[in-house]
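Just so it is clear, A, B, C, D, E, F, G and H label the chains in written order, and each chain counts residues from 1 on its own.
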Amino acid sequence: MNLTVYLAGQIHDDWRDQLEQKAKEKELPLTFVAPQTNHDLSDDIGENILGKQPGNVYRDDAASSINNLRTQVLMEKADVVIALFGEQYKQWNTAMDASAAITMNKPTIIIRPESLIHPLKELSNKANVTVETVDQALEVLNYIYV
Amino acid sequence: MNLTVYLAGQIHDDWRDQLEQKAKEKELPLTFVAPQTNHDLSDDIGENILGKQPGNVYRDDAASSINNLRTQVLMEKADVVIALFGEQYKQWNTAMDASAAITMNKPTIIIRPESLIHPLKELSNKANVTVETVDQALEVLNYIYV
Amino acid sequence: MNLTVYLAGQIHDDWRDQLEQKAKEKELPLTFVAPQTNHDLSDDIGENILGKQPGNVYRDDAASSINNLRTQVLMEKADVVIALFGEQYKQWNTAMDASAAITMNKPTIIIRPESLIHPLKELSNKANVTVETVDQALEVLNYIYV
Amino acid sequence: MNLTVYLAGQIHDDWRDQLEQKAKEKELPLTFVAPQTNHDLSDDIGENILGKQPGNVYRDDAASSINNLRTQVLMEKADVVIALFGEQYKQWNTAMDASAAITMNKPTIIIRPESLIHPLKELSNKANVTVETVDQALEVLNYIYV
Amino acid sequence: MNLTVYLAGQIHDDWRDQLEQKAKEKELPLTFVAPQTNHDLSDDIGENILGKQPGNVYRDDAASSINNLRTQVLMEKADVVIALFGEQYKQWNTAMDASAAITMNKPTIIIRPESLIHPLKELSNKANVTVETVDQALEVLNYIYV
Amino acid sequence: MNLTVYLAGQIHDDWRDQLEQKAKEKELPLTFVAPQTNHDLSDDIGENILGKQPGNVYRDDAASSINNLRTQVLMEKADVVIALFGEQYKQWNTAMDASAAITMNKPTIIIRPESLIHPLKELSNKANVTVETVDQALEVLNYIYV
Amino acid sequence: MNLTVYLAGQIHDDWRDQLEQKAKEKELPLTFVAPQTNHDLSDDIGENILGKQPGNVYRDDAASSINNLRTQVLMEKADVVIALFGEQYKQWNTAMDASAAITMNKPTIIIRPESLIHPLKELSNKANVTVETVDQALEVLNYIYV
Amino acid sequence: MNLTVYLAGQIHDDWRDQLEQKAKEKELPLTFVAPQTNHDLSDDIGENILGKQPGNVYRDDAASSINNLRTQVLMEKADVVIALFGEQYKQWNTAMDASAAITMNKPTIIIRPESLIHPLKELSNKANVTVETVDQALEVLNYIYV
């Protein structure tokens, strides 16, 4: 049974590549999708397509409209959502994606370091499973097949 | 036409009281509901009801389960959701509530200072309206009645 | 049984007042809601609340975000939707509101002059009832109570 | 990941062919569907199948019932909807399709010339993305894959 | 707890009046709604409002569009649906209303004489409860309150 | 684009075979599903599987529970529903299936002889398209592909 | 804000009365509804209304059809569901009601003694909150209002 | 037409293997999925992935969160659900899965021995079909294809 997994969360390290690589080693029939992980491109895409905007708020709104369309298409295809929170940055998109997924009844796994237990407690409680590492999230995916 | 407004967002100042007071002055027929705004109570409620838990992660999970039930009941009643982001704290509950509201097709207003335009750009784009001040949010509510 | 009726459509004459007046004469227990019918206000509301925008596209987007929130709140309350098309103007908001209402399974009446039969044929076919005059629409509402 | 794209909008030029051709050149795995683009056929289909009708209003209703079935089948299959507005004609079907798609939570792109910014402002605001050219819409589709 | 009960079914005798009278005697807090029970009016309403139609098929379609709007408004308000089948007539509207109610998850009671057990077996099986008399249906409603 | 078509309606002639044969000749990529068309089997299936029942009402209920499961599985798969009414029999299952399909937003075609216009007028009005012959229904299906 | 609370669970002691009494003492604006708590009546109701059935399986099915209608009406009205499991009996109706409530997105509280932690672990995990005593459940309800 | 069947129910014997084997002999195009049937693994999976928990209630909650994610993914894929109840154990997960499936409008078959007729009567009544043996359930599945 093929499943599609949406990988929400921070885009500042290669956690998605690690997860995909390990899933491949285990020969799990998973297809991974994700928000735009090229940070510059995700900031520039509005002006790239729509042209120069009159200031940052408009530039950001143009980019986000296109990022949101992209995410909506891909999350709709997802059977499972994984949302990884790191210790830096505000990561409101991660919270937004996780909360949208849960509200859409997508089975959802949150990955967060121990230091974030308290600020993420309500979101963790609403998700199906909360783990601390990418490897643990992969074990949860693997468990679907055993 | 009476409307119920859920006020998501930070609980460290009295913005809800200000908004309610001004709505009363305008004689708008609004009922306001909100997450638990007593921060200590919202952290303690799990152990208050369920007894001592074996460590912080369990204490937090117990509290959040009760906070989430409370929010779910009240947000279901809401006709409009307002989510205020401030400059401090991670405020993932605010993002969670706003994203859940949008996904449930609740008309949603985000209040955020100019400094947060960039990190909130995708969530702002998904909301109906984004403003910078509580007074502006009240003007939007007022506009429903004019 | 009280019903709420959303009156979509052109805002350049007083058809809503006529309809409400006649409903009152018939003592029908109806509450009428509508999009913003003050045209200037509906164009200005974005800048009124959010301040001067850098050009017309941004001014229009600001206004429309607030108009859309207002419409979403009110249409959600509606038990019936009436959409009136006139012979002038593009009236895409009327088509947008009627189509949204039909997709939300709101019982929908379209009022349109004979001259618009052809361009409105698909939308008319999707609506429950299509009539030519405001009086006919009122008769349909009246029929719910006899 | 294969996606199906519904192309709503005017049928008086070959914008759909251009879009499909360019998508093919980029090797995007897209399937395009659309309303009936043979204008005469879309007007005649009711009488073609159901026989002569007693006047234009009935002829139009017969045709539109079959056009609406066709559109409903195809839009249900769509992962993304693009709606193009041109400067002529009333194009209420385009507005109807775009509004239905948005209400069904289909990610939606509107293409409209600068001259139509004002009359389309509420619909544009509800769509995910608004662009001015077919090429820009294609860039948005392309962005889903990069 | 007030409940609204939609009474689908034949309009050729006074079973609705009997049911309402007996509910009143039991002081059950029920509001009853129903399709148009004036048969002539339900056949004429299309031409009454829209004017003379070019033949029976168009006359019937005009009437049914208005009857369907009326039913849709009232059934949406219903907490319970009762559908009575008699031994004469085709009663496809009764079957249509019962099936729509069941599909909308409205709790549904079917009343049918013993002679109709076989042709109604699939619909009876989908309904919550099937009884043979109006009095039995009233007993089921009464049971909600004991 | 492959589509699945559920063929509701009478099981006393071979209209389904005719339709399938003609669809094959036109090389339309359609898969047809249907309720159980072996009448005896559809009446006996309850006792065949569950054993002898204590009388006809129980025998019928046992059979219908299994027929309903079968229909629910297949209709859920359908992209289009065709419901054929003939001049004999009560055909409440046809009305039940058509109404369920329409309520589930399945595009629906009704086939009925001219003699049934009046008793089917409300159901016809709710369906997308009403035709008189199997060939006309096939032309509607064919139109999806041209 | 008035809320309706559905009290699923065992009917062999007076836990509902205790809960209602304590809610009254706290002046909480709650309306309580419940499945039929008169055990004999809930077993007899089928034959009471429909007459003698040919054996226990039919007698039970008749009763359950009426109990299920009653529950469906009342649970649809509920804003919160409480499900109490005791140490005896199979209590599959309690599990059925709790699972239905959770699937319908009703905020749900489970009350179960410590001895049932293990067999109820998956259902507890899906509910919003799990407590051990009726008093704790009341505290959770009370927390909605503080 | 390939169908996916979720097999809820007890995990203490090999009824799933028997069912799958017989389906294979009949060459039915069915894919079977199920909850975790390795009982020890289903109890240990929480600590296996998340590490040692501070006591049984936390150990059970950790395991159940992962079991529930697994079940939610697989049941979402199911076209039909079969739930088998045996004479031992509380089997609340079976009741939970069956009730969730029914509430999600999944066609559902319950298998239960005669001894469980009474305690399962409401759940049986809500399911599509109730049978006593695995072979009978297979016959129901087989009937979809004849």
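For this structure, a couple of remarks:
Following the convention adopted for this analysis, contacts are C-beta pairs under 8 Å (C-beta built on N, C-alpha and C of every residue); 3 or more make two chains touch, one makes a residue touch a chain.
All values reported here derive from a predicted model rather than from experimental measurement.
Any chain touching chain A that also touches chain G appears here: B, H. Note on connectivity: the fewest steps through touching chains from chain B to chain F is 2. In a homomeric contact, the two copies may use the same or different surfaces; for chain F and chain H, under half of the interface residue numbers are shared, pointing to different surfaces. Rotation relating chain B to chain D, from a C-alpha superposition: 180°, rounded in steps of 5. Of the two interfaces, A-C and A-H, the higher number of touching C-beta pairs belongs to A-H.
When the contact pairs of F-H are matched by residue number against A-C, F-G or A-H, over half are shared only with A-H.
Between the Cα centres of chain D and chain G there is a gap of 49 Å. Centre to centre, using the average C-alpha position, chain C and chain D are separated by 23 Å.
The centroid of the Cα atoms in chain B and the matching centroid in chain C are 31 Å apart. Centroid to centroid, with C-alpha atoms defining each point, chain D and chain H lie 44 Å apart. Those residues of chain G in touch with two or more other chains are numbered 65, 68. Chain pairs that touch one another: A-B, A-C, A-D, A-H, B-C, B-G, B-H, C-D, C-E, D-E, D-F, E-F, E-G, F-G, F-H, G-H. For chain E in complex with chain C, the touching residues are 31, 33, 36, 38, 41, 45, 48-50, 65-66, 68-70, 72-74, 76-77. On the side of chain F, the complex with chain D involves touching residues 1, 3, 79-80, 105, 107, 109, 128-131, 136, 139-140, 143-144, 146. Residues of chain H touching chain B in their complex: 54-55, 58. Touching chain G in their complex are the following residues of chain H: 56-57, 60-61, 63-65, 67-68, 71, 89-93, 95-100, 102-104, 114, 117-126.
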